[in-house]
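Chain naming follows the written order as A, B, C, D, E and F, and within any one chain the residues start at number 1.
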Amino acid sequence: MSPEISTSKYQFDLLKVGVSAEGIAHVEINRPEALNAFSTQTWRELGQCFTRFKSDGNVRCVVLSAAGRMFTAGLDLKEAQSGPLGKPHEEGVDVARKGYYHRLHILEFQEAISTIEKCDKPVIAVVHGPCLGIGIDVISACDIRVATEDAYFMVKEVDIGMAADIGTLQRLPKVVGNDSWVREACLTARKVTSKEALFVGLVSRVLPGKREAMESALETAATIASKSPVAVASTKHLLNYSRDHTVQEGLEYTAAWNALAHNSHDMALAVLSSLKKQKARFPNL
Amino acid sequence: MSPEISTSKYQFDLLKVGVSAEGIAHVEINRPEALNAFSTQTWRELGQCFTRFKSDGNVRCVVLSAAGRMFTAGLDLKEAQSGPLGKPHEEGVDVARKGYYHRLHILEFQEAISTIEKCDKPVIAVVHGPCLGIGIDVISACDIRVATEDAYFMVKEVDIGMAADIGTLQRLPKVVGNDSWVREACLTARKVTSKEALFVGLVSRVLPGKREAMESALETAATIASKSPVAVASTKHLLNYSRDHTVQEGLEYTAAWNALAHNSHDMALAVLSSLKKQKARFPNL
Amino acid sequence: MSPEISTSKYQFDLLKVGVSAEGIAHVEINRPEALNAFSTQTWRELGQCFTRFKSDGNVRCVVLSAAGRMFTAGLDLKEAQSGPLGKPHEEGVDVARKGYYHRLHILEFQEAISTIEKCDKPVIAVVHGPCLGIGIDVISACDIRVATEDAYFMVKEVDIGMAADIGTLQRLPKVVGNDSWVREACLTARKVTSKEALFVGLVSRVLPGKREAMESALETAATIASKSPVAVASTKHLLNYSRDHTVQEGLEYTAAWNALAHNSHDMALAVLSSLKKQKARFPNL
Amino acid sequence: MSPEISTSKYQFDLLKVGVSAEGIAHVEINRPEALNAFSTQTWRELGQCFTRFKSDGNVRCVVLSAAGRMFTAGLDLKEAQSGPLGKPHEEGVDVARKGYYHRLHILEFQEAISTIEKCDKPVIAVVHGPCLGIGIDVISACDIRVATEDAYFMVKEVDIGMAADIGTLQRLPKVVGNDSWVREACLTARKVTSKEALFVGLVSRVLPGKREAMESALETAATIASKSPVAVASTKHLLNYSRDHTVQEGLEYTAAWNALAHNSHDMALAVLSSLKKQKARFPNL
Amino acid sequence: MSPEISTSKYQFDLLKVGVSAEGIAHVEINRPEALNAFSTQTWRELGQCFTRFKSDGNVRCVVLSAAGRMFTAGLDLKEAQSGPLGKPHEEGVDVARKGYYHRLHILEFQEAISTIEKCDKPVIAVVHGPCLGIGIDVISACDIRVATEDAYFMVKEVDIGMAADIGTLQRLPKVVGNDSWVREACLTARKVTSKEALFVGLVSRVLPGKREAMESALETAATIASKSPVAVASTKHLLNYSRDHTVQEGLEYTAAWNALAHNSHDMALAVLSSLKKQKARFPNL
Amino acid sequence: MSPEISTSKYQFDLLKVGVSAEGIAHVEINRPEALNAFSTQTWRELGQCFTRFKSDGNVRCVVLSAAGRMFTAGLDLKEAQSGPLGKPHEEGVDVARKGYYHRLHILEFQEAISTIEKCDKPVIAVVHGPCLGIGIDVISACDIRVATEDAYFMVKEVDIGMAADIGTLQRLPKVVGNDSWVREACLTARKVTSKEALFVGLVSRVLPGKREAMESALETAATIASKSPVAVASTKHLLNYSRDHTVQEGLEYTAAWNALAHNSHDMALAVLSSLKKQKARFPNL
């Protein structure tokens, strides 16, 4: 990968973002002193970042990792404690009114994390060290997951007295085809090693250390970035659509979608290159 | 686990039920002389039992096992033979009228088994020896499955000339993410060892014998029972809801649900305990 | 298996079809000189063939394999190049009108491959050598997949500048419960060995060579063909229905379906044989 | 209609039920001294009554009316006041635990009213005088509605500080195809006369007084009861199914359903009678 | 309308089809001697006709009417009597096997009628005289309905002992927003005059006689045929899609669809003509 | 209504917004010199305005009207002409890339209009004079519609060569239960008078002039604003949810929702006031 090009479009406080000439964006969760605990600012920045990726033709594939000792310790409990999660219902406050606004808050949080899924560009998560609570919500919204040997995973929410509500209970069972395991993980909050994560299919592969994991992720990202960006964005978009619809509905949507996409210059170029056994170079989206 | 407390609420003929002080209910299918074959009485009692669990705050988690030599030999064929399954359509009987009532019978049977799924309290199945036919319908409706080394599984219905209709064809493919295997198992009725069951993800783990399997299940149950019952019931409920909806619908339902659940005393207690590194004790639901 | 009986019903140019006395149809993709590349004629014939299987009581189970060196090299790119995929949008042509007809073309292609899924008789795919592009769409629509050691798989579409649109993006994630792997395979078009395919659950088993794989598939087919064809067709049909509906909807459809199917002579015969410990022989559908 | 035959199966305290020889059941809400206000006992009895209708072959069609001065004044507010609706959240009580059980209560209430829809036998509501609050939930679950000139309707829930939760918000918009009106009615709780109800399609016709409305309803019921009960129950069941599914799904379910129902003796009898221009008499379901 | 141009593509025995230079196809059900009763041949021809319309750019809008004294007397009962509907279940025949093939027959019949809906070109039905049974299935699949004063409608199926299964129970409730009326019509098979049909919204308008009704339909057809055929086909297609999906899903599909359609030459032409206050002429699809 | 209070929160260029002390927001589309044609700025401001309403407890109900001679002349064609709608596909531009961004543009536009539906506070549209094209998309997303005698409606999109894509094809058929009329209106773009709009149910009532229409809308708004805002927002939210789900799903979501909302102080207050026959005053949300 060529050196990262820093663009002013992606200046954040708690994220470090660079985009390479090949179209690989690297997003690093960068709050190591707090063990990358997710504050409101963290997920707001994350949402803004991936929203911008969606319409940025220079970005073809994203690698998401974290700085410091671990992927994330989960929700920022100190912040949460002073917010709605930190106290039971207060006397005198109308719980319906409080709940009305609290629901809007959860929806906003969910929407920020869902931008990872909705950005159309594939996202590869690199997990090292602990990945707890909200960390699982985040990586479940990614497309591909790789981990280091020392990585471990905990669906931690039940330990703070709540059901996970930012995507884990929706996406994890569709990411991992072992429901007995998924439910055990979500109901016990127990530690899952990277080896176990590999066996059940939560991660695609386990690398010795962070450097190797990053290299592996970047290699996959480079492969994806070298393909037609029309084909790549279409593939991710159609996989997401099809997950949530019947096979028949997925096929019909795909036919409508490709009636447009098949007019791309890329196909002609790719077919020609393929017959000539040459490597095609595709312009940005 | 403390000694089981027998309550009059759970007196059945073909089930043995006890609830421990920690909130772990143990349901034992108890018709060993008939190899735990499922008669109408068996599934009616099962339905009543899990319906009561749903609104019994003393129950936080359930372990389901069977007495005698095996989990179950399947449907009680002797009873079935004298019922609708035992004979082809009779002359002179209007098949539409017969079918109308037979459909109501199937629906009632399905509903009884679905109470396992709908009871909101996690259910851990312990399978030893053969688990045939209706046994697969039953364990597919549970949340977590553990097995003994001598356990084996057969989706036996095709061997009695019918398609499984009490849940296997609906739930097994959502429990096990290996469709090639699921279809082979359902179409051939072949024997599946516990080792194979572990590989494909039908069970979470395999223990040498029944005693070890029960201990392992009770340990997991104890972990779950020690968590906030609001968080646990919410997690099971939301996993079930999300399985049957799109990711977006699952997120929206979760936001509405947690707008209420986040007002629980448990969260404040859990967050506080977590920060103090103490173990919280949560009251019953 | 008894010798294949060739019937005039199944005379095709690019497929070789035989049906045994036991009801096992063998479909061989037979265009080895072009590496079984899929031309329009190939998929049209495939669609006709499986449509006929649907209402042919002599067919109880199908084995699908390919002649020559490989399962398939994918789409016939030479044909495609002279069709809509071979050129970008032409000047002067109204893209909306062109897209209208192109969409109809994709839908017709999809429908041809979907007949494999809709034919109600189980289909076992035997993959040897490369299985590329449209090959994945085809085997994903089958029920059971076995492979040879030298088999390998590539979701090749992204390499010709398009998203797979004949079923892979809809069915593969429901066939294989490892989303991280599915997305990686679809986004990178990388080579997947039969060993990896076994690990992730794409195939049920890997046999040394083609002869062994065919034998294994035919053995499974023979088992299926010996069962009640009412039970077998119902099981496949209900698995497909349930994949695309909620558990509750699947249960209700099944109850309506079995209200009819439970009147079959086969059930009485099967129950009686089972009690007598004899093997039942069931008439054709 | 022949004299009503009172059966012990349908003895209730707050309902008066009779079944005629022709198969017309008449259910009268019979708590006139309390203006037919719905207490818990009322809806529990209603649920039991319609559940029994479902499997009672002697019942072919149902007329639902009310005794005394009006159809219903709505929920029994005095009872409600001492229950969950009567007080805001209490201090010291955990709102999540309270909500858990309150939700189960709403679901039980909903299920009781849904038995009207699920009983498969058509239900004709006769509304005279005020029909308020829960009254709208009830009549929306019926198949056909007739009213007297003095009848009026109010979706009253918003006036007691809540959104209707027993079916009005789900069924009314699918009963009446005028969304502007539905929303106005539900958001303002304003009085809707029977004339307006006729215009928007809430009722099929308006008769001068209760006697005429009853006669009209019984006449329609007699027509329905004279038809094949297989055809009638199938029609109601399939209309309900189709309301909640796509056209394509409705067609497929109907094909599976009629594959059974078309074997009924009734069709042969009806076709024969039709060709002979005679009136067929069909046995009970 | 200019004189009809008869094309060899549309030669049928029981249908008379012409296409005008303006793109208006006129389909006349032409079996007056049998009161346009629907035999198998009728609906097979209808299915072929509308399938061809789908990919025939010369057809922009369709008017469907019937020759002779009425629209249709319904199903051809004489033919039906010798088929599956004419006899109850026969002794000795396995009802499950019979049902399996009967279901395929219903599905084929449904699919033929659904081609009206799926052909993308708007279809206007002109109903004169009786329109019974299958006639309702047919006109419910059309887009717009006009009737003569002497027209009347009967959902007749219940009178031949069956539930309507070719679309009436799926489409009629989505065509007419008065559920009380729909259910009464379907459950009683009573006669509905064209005046009543207008009131409930089954027809768009009522004209004195057949000549006037045809003129009115052709006038509407001419208006539609003068618009951009891309816009017209898209509008029909998207209305059908949106009927069967949530608002959000309908919006997303529409965005994907129009991302293509907005590149049409027609829009530029139409916008330009609109600004110049000229009438645009659009080429065929 | 008390004098409107202008708040800085709602300062827009093309909208005039005021909020009364009673909680009635009045939004006036205010670009009369351009006949209220919708430019990008118009719908962006509209989206921002209704997004803010969602979390503004001071707003309980909204009235939406337009300044000048008409509601709206539709899309700003001059602006559109210089945008994607104004030109056919350009030579040399890759249509797939162009379509990718154009789809994002449509989705953004749709989302802006959908804020009307999603804001939870009921919205009453007042239509005077022409309401064309995008005007129909806008009023279909409102809850209640009133019109003046001189108002008329045209689903104009087909006249500019496109299918309506901002909500009309999704919402209009769910707002008006007369599909024959809906399709005719959308396919012909013909003029619909306010009288016809009343007959088919597009508007709730027709008033002589704009002053009367505004008074009528404000009166309804005042009624709604006087109710419990918890009950009102819940009712709108649950109606929207239920429109897009089966009856059963709607009931279950409602039960989860009201498990929270029933703890509101408002219910206790309302029940008490109702029993005391007093008028309750509810605090803001």
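Throughout what follows, a contact is a pair of C-beta atoms (placed from the backbone, for glycine too) under 8 Å apart; a residue touches a chain by one contact, two chains touch by 3 or more.
Just so you know, these numbers come straight off a predicted model, no measurement behind them.
With steps allowed only between chains in touch, the distance from chain C over to chain E comes to 1.
Interface of chain B with chain F: the two copies contact each other largely through the same residue positions, with over half of all numbers used appearing on both sides.
Between chain E and chain F, the superposing rotation on Cα atoms measures out at 120°, rounded to the nearest 5.
For the pair chain A and chain D, the distance between C-alpha centroids works out to 48 Å. The mean-CA centres of chain A and chain F are about 35 angstrom from one another, to the nearest whole unit. Centre-to-centre spacing of chain A and chain B amounts to 33 Å, using the average Cα coordinate of each chain. Contact with two or more other chains is made by residues 88-89, 94-95, 99-100, 174, 176-178, 201, 230, 243, 248, 256-257, 259-266 of chain C.
Chain C contributes residues 77-78, 80-81, 84-89, 95, 98-100, 102-103, 106-107, 110, 114, 117, 157-165, 167, 169-171, 173-174, 176-184, 186-190, 200-201, 243-245 to its touches with chain A in the complex.
The part of chain A that touches chain E in the complex is made up of residues 253, 256-257, 259-260.
Those residues of chain C lying in contact with chain E across their complex are 54-55, 57, 94-97, 99-101, 104, 230, 233, 260-266, 283, 285.
The residues of chain C lying in touch with chain B in their complex are 122, 143-145, 174-178, 201-204, 220, 223-224, 227-228, 230-232, 234-239, 242-243, 246-248, 250-252, 254-272, 274-275, 280, 282.
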